[in-house]
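Okay, handing you the structure first.
For clarity, chains are labelled A, B and C in written order, and residue numbers in each chain start from 1.
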């Protein structure tokens, strides 16, 4: 039997949801795994909701379009409403605390709440909230190695932003800490 | 050959592959969901050895392709459905004048202005000719980002071997999604300017003329015979398909492009339930794998064709099955992508109704 | 198309003043007697022969009366779809930037169905020579109204004369094109008198010479006649041209290159 992780990442356009997915996908190929990154595309990308499906697998991914997910990383309320029911039983749902007004209610999945935007503001760079979310996810679901994630950052970030890589790394590490605290609270 | 591994969007992978395949010029017009192709090429142009020009319309772009192909250059254009409709006149001329070139249609939902979401509604247009007169395109249908890149090489090779237009028939989802792609190195597909090209007449040869005009019907019929002979040869030599567990399958799905990925998952899900399902994916839509389908029709009990349209390839599947077995169809239209569960449901129903009845 | 070799019979005691250049094939023109296309073809090919650029020139033929231009012009050529000659020529020039490229189009081709391609080719300043034969009518399809048909002029689709109220006005596309920054040299010539033939040839020569500079599009309109479409004999058609066409389409340079050092 092969292993496959199916993840939905969703939020508003501009929150870095798509690039968060790309980092994950890129890290997967550096780890020699198979992957697909499928964005929702179209006019809704500006200001509206943006989401992407990332699949990381041991073997060639069949359908890049799926309706049920092992994990969700959710950064706004409309996406929460859309995707909370789409998480598989015993799956994981990560969400950003301040942008999701009505927290998820399911009790058959593990829910991890991260104050990513607040933490990013503490780091004086609001844009790294997505990396804090990614870090939280990776702490719970280490489907790719940290080493590969750092290499992936270099590939995904445009060269003019490469000076921000250490900050992004910090953000990921901070996300991991936050997830760990959350898990202790949950369990 | 050493391949470089990257994570790329289908459209970008196609553009990068075109550069590596030695494309000399690209002429295009922006249209969603494939504008990344030209954007990527413009970004790369100063660093590499090819040219891109943004035309005033798809009509102009395809005629620039005609001119550049007639000059013996390896050329390519890409568009999406409404734009590809505009190009049909020029494609007919290109086919008639026997000019090799590569076209890519990143299909979106139609008819009309339609939607920018993915569709397979242009199968007929691509496979049955599309413009006026008796001609065919060589049609390659990728189902992954890897194939979006690889089929650029295959497309150029076939177009040049058979002196005619080849098309990559893809869709918005494959164009926009990212996957791992292993890219062939630059210079791996050599090209020489063919002897028939209009590049300026040296004293020692008669003029080379690129034309599709033959007023005398006898000559025009001869040209048609030449074209038809090429299409026959293509049907004989260049058919490609992917066979996924059809050998012992009771129910065989047929699907191309993105649909085939979804069907593959549906087949896996069906097999988990003990339903013997399989998938035959035509890779070349023309030439169509009719022989292979006819062969499967001897062993399979029922076919289910799945497309993102109202049922286009299913006509070719039915011709190939030739009444031997029932052929069902499941389609979504207007930019909707069916889910694997939806297809599984269809398989289950057919399995229950048809297969249990037959047993 | 049958090829007939015409052997010139030079009588003893006479000087041969006419020689067919190598750049013309031996195929007889299919054009109607008195039509300006024949003269325009010859001028074009004479210039190519005189400049010695036969091996470096690629021509693009249109759809229209001159659709078979490549039967007569002894050079590499491409036959374009209706209206698209300048787009085809663009494709050629972009992959063969050091060759000489020209398009040859009529008024229906260039100024009706191909207007978009025409304008944008010139606006890009494609380094090609565009030859535009304006005879105010669709010759090949049997004498229908063209964009350049004069007001009140009778054609098969304006049988009571072109009503400007119904069918709009004669299009002076050459003047329009001259306004575009991509246009380097724009001129209007004719081939109905010996003098106009000499001037037209000079203009065509300039068009090729300028192409070498890569400074933009050279555009030469040739106001011509259509004895068959106009339903006149060749002599009358030339008189009618002079009296009517040239009033609407006056001859002369419309845009000439600014000489070095004279500024804009």
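The rule is short, and it goes like this: a contact is a pair of C-beta atoms (placed from the backbone, for glycine too) under 8 Å apart; a residue touches a chain by one contact, two chains touch by 3 or more.
In this text, all values refer to a predicted model and were calculated from it rather than measured experimentally.
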Closest chain to global C-alpha mean, per-chain Cα centroids: B
Interface with more contacting C-beta pairs, comparing B-C to A-B: B-C
Between chain C and chain A, distance of the C-alpha-averaged centres to the nearest whole Å: 64
Chain centre separation (chain B, chain C; CA means) in Å: 40
Chain A and chain B: spacing of chain centres that average the CA atoms, whole Å: 34
Per-residue overlap in chain C, given as positions that touch at least 2 other chains: none
Residue numbers on chain B that touch chain C, as the complex places them: 24-25, 27, 51, 53, 55-57, 59-61, 63-73, 75, 89-90, 93, 97, 198-203, 207-213
Residue ranges of chain B touching chain A (in the complex, touch as defined): 5, 7, 32-33, 116-117, 172-173, 176-180, 258, 261-262, 264-266, 268, 337, 339-341
Complex contact set, residues of chain C against chain B: 54-58, 60-61, 67-68, 70, 73-81, 84, 87-92, 94-96, 99, 116-117, 119-120
Complex interface listing, chain A residues touching chain B: 22, 25-26, 28-29, 34-39, 41-42, 61-68, 155
